[in-house]
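Following are the structures in question.
The same subunit A turns up in both complexes below, where it pairs with subunit B and then with subunit C.
After this line comes the complex of A and B, so read on.
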């Protein structure tokens, strides 16, 4: 299995198109960082307009590396699934299109092993993309903007997290995001099994994610308890929960606490269930598939 | 001699289409086995079933005396194949491609040995060029090198000369003969070109509409084919008169410019030659040629298509 995974990773990272995602993320992050560096105060005023009218807001203190990273993650973690679909949607269908799939299947490895290796390679790609994102969004922002306590606006209330209490939350959030994005990779991977070229699964994955995200974000009471809790897109942004702390009697955040850890764990469980479902379905379909490409 | 491939009552249906219909055959150790049929006859479907790309609807396949379904990995370790087009990773070099498939085959092989494999098909000098810069012939040769990297006992080649120029066809043919004669490997090769199979195979099977038409020793099968005799003389018109005034008249087929063509058995050629000499015909040459295409057409449904077209 390790050898197969190495082969799959070798193939992914020898393709120039793989690096488009890394370049796109770098470009987006740098654009956001530059914008905030030169006009961050205006952006924050706009963001906190409801609060700044009632309270004094120390914008210079607020605009630090931790907040910039939070803004970047908030913006990009909605777009990154599209980049994940580019590779995961290609992992089987792309080989069918190139004609190499039939050569792979005639080698002495089981189809199940081959599929697991391919999915794991997509997950490694996803994690590396997130690490790249973390390096640029978090560490580069810390370098450009410095560090301070992290203040985030939530439901017109400002929450302050001590600077010493932030980094682990980012690590946990990136870990959660890796699972969330691996769910998208699993969906693209499943769709990839049905196709003979990668455009179909990539477009289908993006369409499904967009439609389900809209459904997850819509405030329609009919769907709130019936549909939304079961959509994987409703749980993809639960990483934000790591930045919501419990408060003490004075309304101050308790260091090292998470407001609703069970909810995060429940969301994590739902995403992992989706991964198992999508990958198992992909393996079952592929095992029975006649390779005609 | 033991059977390397034993296929029994093999069938494959795609919804309403019966692609392969109750096919049975066996390939013996050391054979170059020609698998012949027109396009769409069921050759590729059969080969894909032999390589576990397609699940048979019915029937059994044994390779190296083992059931393919239950001993898949064990069997595929000893098989190398090129299936239709030589599709490889175009963005990788030839060396990277062959190295990758060697690893997938589970064999330990040195860099030097990999280069030797590429050298065997004349690609050592271009080992580090990306495959996207290769011609079709080079890709085909690389495909064969990849198929041979695990030193397979059985080599399966599906239409290996498709799209190649005459030199490319000759190279592939020589390679197949080399594999058979010098390396004692069993080769299963499909083609729609009878002339190709005649040059390389010792045994062959003709398939049409998924069914076996004929199987046997190539030489024996061709001997049963109708023979055309091309006759060249100094005076063709006089020769034709002599033939038409004799009992050999019934063998006359047509006259093409200076050549008279007759249809007869090979064994009758000496008597015919004697007749010509005794009737003072100055013979330049008597050349027997197989009517290969006619033979092939007579056995397959392609004949109906040709007749429909010519009518």
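After this line comes the complex of A and C, so read on.
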């Protein structure tokens, strides 16, 4: 299996298109950082307009590396699935398109092993992309903007996290994001099995993620408690839950606490179930598939 | 009969003047006590209890210099300080041009207090009315409630201890009006975990509370201008 994984990773990282994602992420992060460096105060004034009427808000202290990283993740974790689909949607369909798939299945390796190796290679790519993102979004922002307490805006409440209580939350959030993006990779991987070229699964994955994300974010009572809790896109945002703290009897945030850990674990469980479902379906379909290309 | 009525009216007028004088002289004594402090640097713990803010306890240093320079700094991070807490110092209240009216007596913190209402002489002043609850025997302001035109009502409650001689409180509870806070979900992209969104234990809506418990004061040692910038 390790050998198979190495071969699949070699195939992924041999292609120039793989590095488009790394370059795109670097460009997006640098642009956001630059924008916030020059006009971050306006962004904060918009977010904190209700609060700045009653409180003195030290915008220059609030605009620090931790907040900038959060803003970047908030923006990019909606776009990154598209970059994941670019590679994961190609792992099977790309080979079908090139005509190497038929040759591949003639090797003395079971189709199940082959598929698992291909999916694991997509996951490795996803994790590397996230590490790249963490390095640029978090550590570069910490370098450019410094560190301080982190203040984040939620729908009805503003959270403040002490600076020495932030880093572990980012580690947990990136860990969760790896699972969330692996779900997208699993979907693209499944769709890749049905196609003869990679355009179809990439575009289909992007469309599904965009449509379901919109559905997850809209508040429509009809499906709020029926469909929404089962959409994987509703649970992809649970990384944010690591930045929500519990409060004590006096309304103070409790350092080191997570507001609703069971909900995050439930979301994690749902995403893992989707991964198992998508990958299993992909393996079953692939095993039964009559490979003509 | 006419003479009796005149006598009664004269007595009422005389008493009202003497009450006003009482109030003014009491305020003068309180002010003299507050004037013992030219400046101070105090360390303490600040707790913020506002329905839409979830912030941890903060170690703060409070700087004060006459006449009304007040600065609250968080030693290790960020503190959101209510605007009224800084702009409405007791010194500022008592130094203003106002008419003092005796408002009767009451009991606060198990202490008999005198209520004095301050009406600003300037019609354009932001403050509409201030009510002071003064411990007459110790010459301490235990509570002050100020109603403003722009920002609603502020209330400051003070508990005294170690620094009572300087009329500096060990604990200050500042209650103030807040406005509603809500951002569109399309901007915040919140994670909906199905839990109740508002901070459950916070003070009721549109009221905020900030509490500072002081541990030490450095009094009349001088403070540089840079502190208040």
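Basically, the second predicted complex is superposed on the first by the 292 of 293 C-alpha atoms of A that agree within 3 Å, B and C clash if a C-alpha of one lies under 4 Å from a C-alpha of the other, contacts with A are read in each partner's own complex, and residues count from 1 in each chain.
By definition in this document, a residue touches a chain if its C-beta (ideal position, glycine included) is under 8 Å from a C-beta of that chain, and two chains touch if they have at least 3 such contacts.
It should be emphasised that the depicted structure is a prediction, and the values quoted were computed from it without experimental measurement.
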- Query: Who does A:222 touch here: subunit B (first), subunit C (second), both, or neither?
  - Reply: neither
- Query: Looking at the overlay, does A:264 come into contact with subunit B only (first), subunit C only (second), both, or neither?
  - Reply: second
Subunit A contact check, subunit B vs subunit C, more residues touched by chain C
Message: Going by the contact rule set out at the top, does A:247 touch subunit B (first), subunit C (second), both, or neither?
response: second
- Query: Who does A:234 touch here: subunit B (first), subunit C (second), both, or neither?
  - Reply: second
Counting only touches as set out at the top, which of subunit B and subunit C does A:23 meet: first, second, both, neither? neither
Between subunit B (first) and subunit C (second), which does A:108 come into contact with in this model arrangement: first, second, both, or neither? first
Residue overlap on subunit A between the subunit B interface and the subunit C interface none
Per the touch rule, the subunit C residues reaching subunit A in their complex are 47-57, 74, 76-78, 80-83, 86, 151, 176-195, 197-203, 208, 211
Given the complex, residues on subunit A that touch subunit C span 47, 50-51, 53-58, 61-62, 74, 78, 148-149, 151, 153-163, 165, 217, 219, 229, 234, 237-241, 244-245, 247-255, 259-260, 263-264, 267
Counting only contacts in the complex, subunit B reaches subunit A at residues 48, 51-55, 72-74, 76-77, 79, 81, 83-85, 87-92, 96, 100-101, 103-106, 146
As the complex stands, subunit A meets subunit B at residues 3-4, 6-7, 10-11, 14-16, 98-100, 102-110, 288, 290-292
